[in-house]
């Protein structure tokens, strides 16, 4: 087979090449991703913010209206969804179906190059959808602060906090049935209960505590406090640090999973 | 049976052997290996009910369910979640699963070498989707009743109603799938489903919309599914509900006929 | 059993099967031979009632496939060229479920499945999923599956492609026994030995048409000579040598690696070649086979 155990002298230095591959690949399929990545969140913003928002009592939100409340929430949540979507089937495909990783290993890239290059690509995908969503949210008046620029970075960080652990998870799956569980029992509940649509204080105490451990809640809080201009340096740093732990921890696991899967 | 066959011959209905149930049996067997997916489908509408109905509902209070009757938000949203779940489940089954069987597993190449015909394939696959849907809607109804958001015994009719919604959407989904070329095309299906899910008076009353756009909502199929379901679960049943039923029945039968003909064109070359 | 008259299949502009006439009688084994793309599988699919003819008439078991497709298929067994096993099911379930498609009772297919697993020598793998089976095992399962409804007419499209020699001989034996029990066999093949072994009658197809028809023996007598002399020279191109020997045989065929001299007495011709002072690397005189008929009729070597 084409897998190689050669030690790469500068492992990680050639991640750019893997990144370039994914970009080239993306040029062929970007149209479809517009729908899931951009129109989806926009529909949620309009339906929930403007439609349902007319029914919501704004009192307990800490925001001028419901639209302003959920816009940053959706920004963070769509970052999560894009990141998970790009880190599941494409990773399994590159391992198993189209086997791009094997080709990359044969052209002398190392495990770290593969992972970092692909993660960088996912981050770029998240960044594109986040910027697009932010622009529309501003245009619709759902976001009014210039801190939205910082919120986009926060969304990308949120996305990364999911990308690297999911890479590690995907590399350990034999088939795609595990993804079903991931989407339905992890991503979907987080989307619905981690503060995107209503403050987690509404939840029973136990669930509230659980919600506050999820990376999405930290991402949502960070984005929301930035665009509401209620962020404090300490609070923001706390959220950033927490998310960074997920990114780095996930990366470490991803390296191990990929090495186990590809280098035998 | 012979009457059915006679009608089948008179109409432009593709051939079948009346053995669609054996395909359902096949799917049940195949699914024993994938029950995780089956069971996990139960949870999505339940999560939505508790998130939006209960969590967000606390910030909303009571909603006008039509005619000035005020009910708590969770009871308002529960029927919509049930209708939407029936739609999503049916579409998922009849698009992803069917596409895989058509293009990759080549399942029907072997099925059509037996007495089964295209009609059996269409009927069998849709029956299977409806059976799965019934599992989901029953669970959801039990959970909703336990959460106290079901207000009437009419709600028992919500089960066949969910199957009707499933039939209508599965038939259309199947027809559409016969035109798809690659997995990327599935994004376009999402493009049709998501707005329906969000805008069909699912989460807030039709009256929220400006008069000028209400008719757009009212021509979409999910609107009728949601309205029908809401009438039943809130016990607000009047003759008007038959209009919703008729809409979905026509959509389901026309879709089924069209799907069977498409499968015939695609496979019997 | 099968009666086709001017049977035609077109895909768009392209004519895959061009107005062929075929008559298959009950209890016989009938073969379709032909190079790749000759239209064998297209014909088989029409006979299997999964591909409507574009033109001509076709009757199978006395019925019309256009209106009685399900009734005909209920009495057919089909082994398609490419295995169409259900990869989501186990080996055993493949047979069970397939049997149920014929409306057979559960008890019946259960008993039948055991018998067929035995037949296909897959009893040990009965509960394994299909995907990891070897190509030959899958082929055997496809064949076993096609017998679940005790068909009167068995259609086999290249049944032994991908089987090892042992399995081929076992299968021939099974097919022979099926034939003896009254099952009509229709098969396509690229293997001349298979056609000679199994077929009572066969047709050779090329470019969608039938170019010859008869029993293997008749075809050899009609389209070939009694013996064939094979000459191999130390050269990349055998054509120049052909010119030097044309008058020694009824016909000379030039293949990339050898010359075939069609003659009634191989040894005498070999001696004549020697007398001309030609020095072939190897000389082989043998009896004529269907392969020679085939090469003659289709002007092609029979390699995939």
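For reference, chains read A, B and C in written order, and residue numbers begin at 1 within each chain.
Heads up, the rule we're going with is that contacts are C-beta pairs under 8 Å (C-beta built on N, C-alpha and C of every residue); 3 or more make two chains touch, one makes a residue touch a chain.
What you see is a predicted model, and the numbers here were worked out from it, not measured in a lab.
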Of every pair of chains, which is linked by the largest number of C-beta contacts? A-B
Name the chain whose C-alpha centroid is most distant from the C-alpha centroid of subunit A. C
Nearest to the mean of all protein Cα atoms is the Cα centre of chain B
On a C-alpha centroid basis, what's the spacing between subunit B and subunit C, in Å? 47
What's the distance between the Cα centroids of subunit A and subunit B, rounded to whole Å? 31
Provide the C-alpha centroid distance between subunit A and subunit C, rounded to the nearest whole angstrom. 56
Note: in the complex, subunit A contacts subunit B through residues 29, 31-33, 35-36, 39-40, 43-44, 46-48, 51-52, 54-57, 59-61, 177, 180-181, 184-185, 188-189, 192-193, 197-198, 202-203
Complex interface listing, subunit B residues touching subunit C: 15-17, 19, 22-23, 25-26, 29-30, 33, 105-107, 109-117, 267-269
Using the touch definition up top, name the residues of subunit C that touch subunit B in the complex. 11, 48, 50-52, 69-71, 73-74, 76, 78, 80, 84-89, 93, 97-98, 100-103, 129, 149
Residues of subunit B that touch subunit A when the two form their complex: 34, 36-37, 40-41, 43-44, 47-48, 50-52, 55-56, 58-61, 63, 73, 184-185, 187-188, 190-191, 194-195, 198-199, 203-204, 208-209
